[in-house]
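To start, the structure itself, in structure tokens.
So that you can tell them apart, the chains are marked A, B, C and D in the order they are listed, and the count of residues begins at 1 in each.
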Amino acid sequence: MKQLTEKCLNIIQPRPEISHKGTFGRVVLIGGNAQYGGAIIMSAEACVRAGAGLVTVITDSVNHTALHARLPEVMVVDWYDEQQIDDVFATADVCLIGPGLGLEKHSQELLAFVLAHQSKQWLVIDGSAITLLANTTFTLTVPEQTVFTPHQMEWQRLSNLPMNQQNQQTNQQAQQQLQATVVLKSHRTEIYHHTGIYQNPLGNPGMATGGMGDTLAGILAGFLAQFPKELATIQAAVYLHSYIGDQLAKNRYVVLPTEISAALPFWMNYFANA
Amino acid sequence: MKQLTEKCLNIIQPRPEISHKGTFGRVVLIGGNAQYGGAIIMSAEACVRAGAGLVTVITDSVNHTALHARLPEVMVVDWYDEQQIDDVFATADVCLIGPGLGLEKHSQELLAFVLAHQSKQWLVIDGSAITLLANTTFTLTVPEQTVFTPHQMEWQRLSNLPMNQQNQQTNQQAQQQLQATVVLKSHRTEIYHHTGIYQNPLGNPGMATGGMGDTLAGILAGFLAQFPKELATIQAAVYLHSYIGDQLAKNRYVVLPTEISAALPFWMNYFANA
Amino acid sequence: MKQLTEKCLNIIQPRPEISHKGTFGRVVLIGGNAQYGGAIIMSAEACVRAGAGLVTVITDSVNHTALHARLPEVMVVDWYDEQQIDDVFATADVCLIGPGLGLEKHSQELLAFVLAHQSKQWLVIDGSAITLLANTTFTLTVPEQTVFTPHQMEWQRLSNLPMNQQNQQTNQQAQQQLQATVVLKSHRTEIYHHTGIYQNPLGNPGMATGGMGDTLAGILAGFLAQFPKELATIQAAVYLHSYIGDQLAKNRYVVLPTEISAALPFWMNYFANA
Amino acid sequence: MKQLTEKCLNIIQPRPEISHKGTFGRVVLIGGNAQYGGAIIMSAEACVRAGAGLVTVITDSVNHTALHARLPEVMVVDWYDEQQIDDVFATADVCLIGPGLGLEKHSQELLAFVLAHQSKQWLVIDGSAITLLANTTFTLTVPEQTVFTPHQMEWQRLSNLPMNQQNQQTNQQAQQQLQATVVLKSHRTEIYHHTGIYQNPLGNPGMATGGMGDTLAGILAGFLAQFPKELATIQAAVYLHSYIGDQLAKNRYVVLPTEISAALPFWMNYFANA
């Protein structure tokens, strides 16, 4: 197992001068039922501030107004509007599904749609979407373009590994079966990839609060949209999320997820010019 | 009667390195009818920023969007959704009921539900919930895990002590009948507990504005969720709320409740490392 | 005509130590139809930050969520809920009616209600409410507790004085007929009162933007709620509103009304301790 | 082709002392369907902070609350309310149509209304409105008071010039046919006007994010409302938008459109006093 270092942030480079919003990718975020709508809002804030060029949120319409009140920079699609979902997904470069998605029948249908239609898109599967998959048999369409971001309990459900049997070896075996990349979140998050295991040395207990994972997933989607679609970009998202959390924890007992998103543009600029 | 001192903030210690959001407790906040929805929003902001791990707000659906527009970090349950209320309450460590709850029939039903189902949960009873109880005969399920946070008029209703007959002796007798802890809010808040009476020496008249009590109740719930469930934690919540109010009043004529919540992470960090 | 000076801010004194939110007054704000809802939101922000103890906003329900998303510190009543309006108005110390009220039939009914029920309440009549009154014959219930805050066009409607015939003499005559105090807003606002005419020397063209008057009206209501109900308090509200506007204009080309409200607690503290 | 320089900001002068909100113009902004509501919210924030005296937003009612939660300084009209649209448009000095307008039948109707009723109004045509026009044959009512703000793909649709055939000569010919001013947005925005072509030397790739054009359109409308209705004002809007973007990019990897709006009052003050 290798430790991530600040070097992994080299993926964050000054942007090409001649570019437009399409250059930095189109992202679709799917999640947010009536109870967990805040989750997809937090993912969206992270994704926009991470620099994705164009972000559309597909969510329960109950979340529409709160989302726009915080973040007019995104577009919104009602998650029952099949036509618009088709249109938006078809042109997306990256899709994050899961934050606050819930376990309802419609949540399952949205997930099935995404798995069935993934082609060029990179796919980040988080939160409820992991639990939904764990409850069924499924086949990933393009596993090498798929990233799971479970916490340990979600990983137990997905991998069938009880938490006390989760270790590098068993986790790696499970990752090899999935063929997708696994970002296993804990106080020291580990990335399981076919090239090896990578541990994030950063992070702090002030980050242990609801929404922190939704924010990481949003950053990950935003990074995959604009940076090379490869392991290094996933590593950078994980590392930077915790790096900013550590910076903020210097004068905060609890670090709110939305504060990490707010600080993203500053720290990305810092490392792009480091 | 003993005076609280800064020592009572010793309960705020650096967090354990190996932890996750569950480590810092699950809190359910119940309140907010159509007229007083701001109250439960303010409690939620206080509770999240005080460091509770996971916070769910059970409220009238009219408050859903404003809550999420300010605070995507919480989850929301419609207060008519009995199934979800059952589920969320069952796994909660702390429940705060009362801010903006109102005196309607449904408010009463929610309160009855909470009293009937309290088991492991600590319970903070505030605002309208105190008035509702004062209007009925009631039995606390787990009084030693129950905290009342009345202002003087609510205390009159609950204890049947007219305000001009409220003094240390009569208040203590009333507390002994209730068996619960009583945080009696005034310009010098007093805590009545079976071990004695504790007075808060802090606070200032700039804090005399609507919502200040809702914020204290939210901090209290957040502290009980993550710190030892004991008197010291209640004392710390009361003391810190006023301490921050005094800090902010140095350059504010009126201190808004939401400003105290915003400053919580900074001051908790300050005292954790003092 | 006398010039107001900084001395008029002497009315802003340190608050009494032994006090509670009721000490600083109950205010009811009535206004905000579907088109002009922002106006009553701005009044509410000004009123709360000016230090009113308890503020209730009676408005079209379409404005409820935006109001609470910005300002959970207020309570809200649907302006069609007659029972709640009765209850809230009866206990109010000050009522502001008019910001964004509109000229509809229901707007007129609300205004008629207020005029018919004014007793102990001080009344601030602003915006659409002035236009509504100008279109009818009316009798003020307690004119000596009533303040009008027209701009020059609204004053023309109310006084029947064409703008080019508005001068100190004609304005004073019109004020004497009304018996109420008139705050005539312009680039140099004048206060017409039975004791004389007072001109505000402050203010700047960066303040010439929609909502500035709604903010002044909110400050006025908040000041009357907590300070002596007399001319000096009206003068202080007018003067401080422009004083802050001038401070902010030092580094802003346009001064947003909500920025003046945000700065109120700081400047009130400054002058309370000057 | 001439390069714009900082001199073009001379149009931003200290405001006349004797003025009121009407002095700085009435603007109507039309746009924001259910999917793209954030666009018109961002235009509105830009327009208000650019200093327009009075701003009304005509939009799908689904956007009403999010708009007011962010910006109570504007007025709102439901875009199906024909009577109010008539009234508001008739008194407007400037109309911006297009941000998030969509391509629906009703979007088309609103655009047709505006084209049919333009008289004294300056008209800024942006986003979906450009695409709608490109799909039909149309005649501008007052082309010399009309500004188009296409990005390169929208310009292709409007001018029938494929992107690889867009150059100074072809663009100028297309502009001459339209007779309107064309602000052709790219990493180096160009202004096509009957007097010549003007290139903006500023801007940076951190500005390549969704909503940046909506913000420029809002600034443009706000500038035309208060400054002379002429080329110089259009130049200043384009230049300042990028100037602020460059300032913000000094410590941000991505510059959010709403951050540019927030900084407008500061930089306008800076240049007014330069």
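A few comments on the model shown:
In this text, a residue touches a chain if its C-beta (ideal position, glycine included) is under 8 Å from a C-beta of that chain, and two chains touch if they have at least 3 such contacts.
Only a predicted model underlies this, so the values are computations on that prediction, with no experimental measurement involved.
Matching CA atoms, the turn from chain C to chain D amounts to 90°, rounded to the nearest 5. For the self-contact between chain A and chain B, the two sides draw on mostly distinct residue numbers; the shared fraction is below half. Computed from the mean C-alpha positions, the centre of chain A lies at a distance of 34 Å from the centre of chain D.
The geometric centre of chain B is 48 Å away from that of chain D, both derived from CA atoms.
The multi-chain contact residues of chain D, meaning those touching 2 or more other chains, are 65-66, 69.
Listed in rising order, the residues of chain C touching chain B in the complex are 12, 14-21, 23-24, 48-55, 64-69, 71-78, 84, 264-266, 268-269, 272. Residue ranges on chain B touching chain C, taken from their complex, read 34-39, 41-42, 45, 62-63, 65-66, 69-70, 151-152, 186-187, 204-206, 208-212, 249-258.
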